[in-house]
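Two complexes come next, and they have one chain in common, chain A, joined by chain B in the first and chain C in the second.
This part shows the complex of A and B:
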């Protein structure tokens, strides 16, 4: 199990990487979403908000989240830190996403733009 | 003897009494309603070519490939790719590979080699002999990662390119305008995307026959030429704004041609040659070449394709939808 702070730091790092990739602003244009990240083993929740092409790490939810992501804390930490890709844990069921297929695909693209080879 | 695609050495073999009818079956993830069987002389061999649609059911397709294995001369896989070739890198689509590995005796082809060799040749022919200038033409490729050879050839021909892979495959509003950026994004994404279930990557089964739902219609309207896989082009066609444009694709049906005509499209160019009045998909062409040469797809060389194209005096089919005249 990862510490709560470790997951939080990984999310902050993800936000920084997002801001440093200018193409993501265009790629998320018109795609305003709140993503709730649930750490199953910690019982913690985190929130990310994309709006106007900018990604922020929120301390409280902004409205009802359009996407809910849940996994073990160590997997979430490694995922947002770019140590693992989301595809395999998603396919094995270790990473669960409640969202439309189109939103899942968009999030996959964002992650791969940041962490792909 | 057939006029088209008669390789001289193969023609001789037939004349000497080759071993007779060869069977090629295309197993498709598309609808079974378009199943058919045809006889044609391909690559100098008398062939029976069948299409067997599996209505988007991957497990059914795997079972069918296993059932056909060893009983037919070659199997083509339609409606999906197994391999994507991007600047020397090969990416393997997981579900496609499951399908390919269901056979161990009959050669199995996905048409990717045919795309690499035949489609660039089609573009070069079009640049030299086509009914409109390619140099300077604005081209929208709805998907280029599955036909990088065509993308390279269009760029070499001087086209102003828009690659719509992110737009149409993932809904991300990001047109790509250079081959370098396309290759860079492919490197980031392809290795992971190929692991996704096939229905997340391709339109399969009845979804192939659904009415078009316009996506990024301005990209279609802004282009002079719309290129790429026809199922993909069709899926996102806008209802208007296509007057006078050209569509460059692989194979189409009579219904597809009528749809394009009613939308005002002027030229339809299909890279698959018309052989004895029919066009065959890339996977079928590649399977037929394997069957004719008794080769597995991995052993097909650029020279094999080159010889076949030269023997056939290859050219794509160009249809003027306004007049109904066919050239090429």
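This part shows the complex of A and C:
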């Protein structure tokens, strides 16, 4: 199990990388979403908000989320730190995404653009 | 618990489930069932198959309540039965979707050719497949309300037309044969095909406020399908003229009920049904192909997305294969093997889902389950036994290919399964070797 701070730091790092990738700003323009990240073993929740092509790590939920992502804390940490691709844990059921198919696809592309395969 | 903005409502669970199962080729399946089981046995077979599918509904509801995932059967079989089996079956599942699309294309072309003989059937097939491909490439999705209205309108049209056709004079039910049990078993085995896809809604369901909502929704969907197609089968059994239209029995039933207007109503039902099958089939299969491509189980090029965030290459591949398959079926006019194979694979899917459920309960008993099938092991074990027997029955049903005594369906499925397994073994071997090389590289670099 990862520490709560480790997951938080991984999310901050994810936000920084997102901001440093100009293609993502264009790609997410008009795609305003709140993503709730649930750490199953910690019982903690984190929130990300994409709005106007800018990603922010929120300390409290901003309205009702459009997407919910849940997994073990160590998997979330590694995922947001770019150490693993989301595809494999998603297909094994270790990473759960509750969202529309189109949103899941877009999130997949975001991770692909940030970290490649 | 946080509530998502987009939650599948109960009405949409029912309509999506029924809509996915409502295929144009079901009308031909009813004709085949009538050939196997005369008189009331055909409709009875459909009702019994629907009732038995309640077992599968409970199994899928528990799987979804344990591991809710859009990757559905891939995740459940992987966690419950392991990778080689899971991947093999996922590839066979893709084949089922393509077979249903091909069969529906065939039925659509046959019906449109009866209505408008001047246009060759193959042109209709290509036009509809192209429309479904473009719609998917553009990422068009019908809203929940549109889907609800479409499915309920289709079901209502079929039930009303069927009920009116029952009142037409001149029909009679052939007597039930003295030795009816074998015929009824054959009818039930094939009738599983009519319900193919009712369970595909489970991976689409998001957070359910009430975990009992899914099994209830599936049960109502099965009931609606059993009533609609049971009634259609009763009319088909009662009116000898239904088979006179050859490959478009639904048009004859429409004409018997409401004359020319009924004919066009049933043609519209066929067109809309085939359209939704093409569209839904491409959407479901392309996402699966994309996910397998992304994770290296299929060629990586299939794991790419278009600027509209749709798996374009997967869609082109599927449309090409579906068009070729439909063309072959249309040219030969031999379609029974697709229905028999579909019925077999659907029964096999229920068996495998039940095995995965037992495997998950044993391997990961601590996983939280928002819904558990009642009766302990009774439901999954009964599913395995009953659908195992029915699947075998469907696989051994005679086809319209030469040498009817040869079990062509079984042979075809065994060949496909062996090919899928061989491919799976090769892919898994390469992945293991690649990971080992990666680990060695990382070790030497450290």
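Rule of thumb we're sticking to: the second predicted complex is superposed on the first by the 116 of 117 C-alpha atoms of A that agree within 3 Å, B and C clash if a C-alpha of one lies under 4 Å from a C-alpha of the other, contacts with A are read in each partner's own complex, and residues count from 1 in each chain.
We take it that contacts are C-beta pairs under 8 Å (C-beta built on N, C-alpha and C of every residue); 3 or more make two chains touch, one makes a residue touch a chain.
Computed from a prediction, not measured in an experiment: that's the story for all the values here.
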{"item": "Touching partner for A:26 - first (chain B), second (chain C), both, neither", "value": "first"}
{"item": "First, second, both or neither for A:3, with chain B first and chain C second", "value": "neither"}
{"item": "Partner chain in contact with A:105 - chain B first, chain C second, else both or neither", "value": "both"}
{"item": "Dominant contact partner of chain A by residue count, chain C or chain B", "value": "C"}
{"item": "Contacts of A:113 with chain B and chain C, given as first, second, both or neither", "value": "first"}
{"item": "Partner chain in contact with A:97 - chain B first, chain C second, else both or neither", "value": "second"}
{"item": "First, second, both or neither for A:88, with chain B first and chain C second", "value": "both"}
{"item": "Partner chain(s) touched by A:64 [first = chain B, second = chain C, both, neither]", "value": "second"}
{"item": "Doubly contacted residues of chain A, that is, touched by chain B and again by chain C", "value": "85, 87-88, 91, 101-102, 105-106, 108-109"}
{"item": "Touching residues on chain A, where the partner in the complex is chain B", "value": "23, 26-27, 29-30, 85-88, 91, 101-102, 105-106, 108-109, 112-113, 116-117"}
{"item": "Of all residues in chain A, those that touch chain C in their complex", "value": "36, 45, 61, 64-68, 85, 87-88, 90-93, 96-102, 104-106, 108-109"}
{"item": "In the complex with chain A, residue positions of chain C that touch it", "value": "2-6, 67-71, 74-76, 78-79, 139, 141, 206-207, 283, 287, 290-291, 294-295, 305, 309-311"}
{"item": "Interface residues, chain B side, partner chain A - complex", "value": "166, 170-174, 185, 187-189, 191-193, 195-197, 200"}
